[in-house]
Amino acid sequence: MLKLEKRPQPSRLWTWVTPLLAVVITMLAGGALFAALGKDPVEAIATIFWQPLFGEFAFYYRPQLLIKGAPLILIAIGLSLGFRAGIWNIGAEGQYIVGALTGAGVGLAFYPTESVLIFPLMVLAGALGGWGWAMIPAVLKLRFGTNEILVSLMLVYVAEQLLAAMALGPMKNPEGMGFPGSRNLRQYESAHNAELITGTGMHWGVVAAFIAVIFAYVLLTRHSLGYHIRLTGQAPRAARFAGVRPARLVLVCLGTAGALAGLAGMFEVSGPAGQVSIDFNVGYGFTAIIVAFLGRLHPLGILLAGLLMALTYIGGEIAQSNMGLPAAAIQLFQGMLLFFLLAVDVLTNYRIRLARREVA
Amino acid sequence: MDMGSISPELLLASLMVAATPILLAALGELVVERAGVLNLGVEGMMITGAICGFAVAVNSGSPAFGFVAAAGGGAVLALLFAALTQVALANQVASGLALTLFGLGLSSLLGQGYVGIKPPPVARLDIPLLGDIPFLGRVLFSHDLMVYFGLALVGLIWWMLKYSRAGLILRAVGENHDAAHALGYKVVRIRVAAILFGGACAGLGGAYISLIRVPQWTEGMTAGAGWIALALVVFASWKAGRVLLGAWLFGGVTVLQLNLQAAGFAIPVEYLSMSPYLITILVLVIMAGDKSRAPASLGRIFHASQ
Amino acid sequence: MKLTHLLTSAALALGLATGAVAQDTTKVGFIYVGPIGDGGWTYEHDKGRLAIEEHFGDQVETVYQESVPEGADAERAITQMALQGADLIFTTSFGFMEPTVAVAEKFPNVKFEHATGYKTLPNLSTYSARFYEGRAVQGHIAGKMTKSNIVGYIASFPIPEVIRGINAAYLHAKKVNPEIEFKIIWAYTWFDPAKEADAATALIEQGADVILQHTDSTAPQAAAEKAGDVITFGQASDMAEYKPLPRVSSIIDNWAPYYIARTQAVMDGTWESQQVWQGIDKGMVKIGEITDAVPADVRDEALALKQAMAEGEYHPFTGPINRQDGSAWLAEGEVADDGTLLGMDFYVEGISGQIPN
């Protein structure tokens, strides 16, 4: 009989091998799926993984990977701090929405004044919006002991309704012929989160994502707060003896995650998306949770996981339109990839041993 | 504006129907969470149940077979989750989210070819005598079988958790899996069983939408009902009776909102739609001081290290 | 400004290059907001795509992408089709307007067609259907057939198109039945079958025996069938599976003739930017079969109304019409201009309740 035996420390080797293993298994299983749908499996897999990176139009898709990956990475970095300390914020989607609303709100309030100060103000407002929304579960947890998983999740639905109310009401474009949705911030220079270098996809959100990765890396490896976070996650009791103040940790972790998610929303609404609309949120906040785990809660891992997710999105779209694969097949393929990535992680932390059946 | 045009009797009757899918799914999730497992994949299991039930009902001509298939479909998907979280010890939050993604994709693939088809009708039970009671007859005794199944399930789960030995073990596993293991209970086996039960219930809830409530198949037709079911479990503070209350509240807010609009009241729809979630948060705060709180091992990974 | 120029010229060069590759067959792309299995809005657009394939055979290649979120993802999906050498791209949801404009600016050699929007470019047309003509026919049948004099209306979002439909239906119901009353529910969704079923049930319970819907699922039809003695109309697609009762007729979005004509124009090199708003006359709006459940005289009147609109003899918004607040909108014999109709944000006189905002 097979038995799992916990490794004293996560295996460094398997940490690197498992993701590759998962991708290979997914390619096999996904290939079988595509073949069952009557499509050439090799071509489909190549389209998803190869085309965006090295295909004919890679010059366009590579920057798009950054645009699609940046919000995922930015949010996931924030979430990973809390996840490491055992603080479960799963409401990043709501914080993302509120950050977009406050950020866009500031921009729209100044319309049509042009000033270099407007964009920094929007950045600040976006971060504050996300931070404030995350403070609700944090404060309720500290004050009343409520479960932050559930409160933060409930607040996602509230934020979604708020978004609809804003897009149809106060933020509606007065020149929009009565249609829902705000003005296009991309046509308002002072509020536009434009590409910094043409053709690279780099906008302020991408820059922020990279800064967040570096910052989180330094924090976790060099700073005492990072040590406290790791210690709390691994041994909560010991952490308390080491002088960790759990309340402060909750505020810092949820606050950081909220602020980063809010920033992601703000950069998205003022750049790639351009406007506040009813369907503005497309699930980045939830996908980022998966990204955080795929990246094993490590900043560099998250960077890679975010880009991998972006790759499957973009490659999947190409496969849809080039090969006529249904969107559902791509969704299923992504689901498989996540399953396998999550499943193989067991090899990092556990050894598989053949054990004899114990004699009673 | 005409309040009189709303008939309380019919309002309550539609509320019973509107509440049934989320009630079924939430009851399943309640058992799962009581066993200490958080499965966020309810939406994925519901929609898989919706298409499995629909396809089998259409092909066999029997809604009953449909519901059985729906429960089976939901359970099979839940088995994936069980394998990930109980065998491979993966994180439950991430696995649940992945399950939803997977279920949505799978259901749309399975559902190709079922768009625009009418499923076989499910008869409404008009219970003689009881159905003739004024007011209550229409509200309580003129529904399809699944509505009563949902109500019976509430009672059954309530009884099981409170009085049966199986319920006691389930709760022990959910409160402290290490202690339960030390007492000799098979933690993993019990949790897998709970997860499968949860999947089956979610599947039934989904099929209720595709076979009775709507009834048709369209992609993404559960439209977030699974997430509401999750909220419901929390709202109910993990108690079966309160799940029923919550299902009426969540279902009721939508039905009432639509009825008020039809009666000509100008209501801020978005703000009203927020209210059940805000109420849920409020309930969480209020009951924080209460003994009834989340199962202590909820969401934590169990590994028996001897 | 310099940067945008650079990008534009880069894309231009590229557009030329890819255009040259796909010379023999014309490639037509479609961006859908929902899954093609939605049975309504996207389903009908996809039927238009299939009609192109059937009509032109080997001369065309069609590609599509379904369930594209509005916003940044749409821009990428459209760009991707342009890069892959599409000659003509249809973007079939209002929310794709800004992304379509952005991409069209970068690919001046590719032709774009955006449904239901109002922004155009030399290589970007808009097209939309005068669904309100169909609403007029429905209103007439509803006014004649209701016994309770209460018509239930499931509206989606408070946008001009939906408000226009309510007004058109109300005016024509009122014309044949002065006692008529409209009960309106804003569902705040285009597609949520369970909620649509609830909305229909709520309306029926409050006495409505005719249900009009501006949402896409057949859930209201099923609710009406269950309730009995209620009539409905198919929306977006024919919803023929609910014939002959409760569904007594329907408005069908028929995009095929337009899609074929525009593809032909691209092939012939005669494509020009335009803003079209076509109705029953050009076949973009079709009235589905009026079933036997409708009395013969009512059916004849409805068909006559449809005929008058098809021949341009009658406009559903012909004065005298007042606004809801009683102020005059159209004088006797005056016909509404398209500008006002496109931005319609008010109810006509007689409708109770307010448009939410």
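Note that the chains are named A, B and C in the order they appear, and that numbering of residues resets to 1 at the start of each chain.
Heads up, the rule we're going with is that a residue touches a chain if its C-beta (ideal position, glycine included) is under 8 Å from a C-beta of that chain, and two chains touch if they have at least 3 such contacts.
Treat the numbers as computed from the prediction; the structure is a model and nothing was measured.
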Contact graph of the chains (line, ring, star, complete, other): complete
Counting C-beta pairs in contact for A-B and for B-C, the higher total belongs to A-B
Per the C-alpha means, the centres of chain B and chain C lie apart by a whole-Å value of 36
Here the gap between chain A and chain B, centre to centre from mean Cα coordinates and rounded to Å, is 28
Multi-partner residues in chain A (2 or more other chains touched) are 164, 168, 326-328
Two or more other chains are touched by the chain B residues 108, 112, 219, 268, 270, 273
Two or more other chains are touched by the chain C residues 35, 188, 356
The answer for chain A against chain B in the complex is residues 4, 6, 37, 88, 90, 140, 144-147, 149-151, 153-155, 157-158, 161-162, 164-165, 168, 286-287, 289-290, 292-294, 326-336, 338-339, 342-346, 349-350
Residue set of chain B touching chain A in the complex reads 38, 40, 80, 83-84, 87-91, 93-95, 97-99, 101-109, 112, 219, 227, 230-231, 234, 268, 270-271, 273-274, 277-278, 280-281, 284-285, 288-289, 293-294, 299, 303, 305
Interface with chain B, chain C side, in the complex: residues 34-35, 37-39, 43, 152, 183-189, 191-195, 197-199, 201-203, 205-208, 217-219, 222, 237, 241-242, 352-354, 356
Residue set of chain B touching chain C in the complex reads 5-7, 10-11, 14, 18, 21, 108, 111-112, 115-118, 209, 213-216, 218-223, 225, 254-255, 258-259, 261-264, 266, 268-270, 273
Residue set of chain C touching chain A in the complex reads 3, 6-7, 10, 29, 35, 63-67, 69-73, 75-77, 79-81, 83-84, 94-95, 98, 102, 118, 157-160, 163, 188, 342-345, 356-357
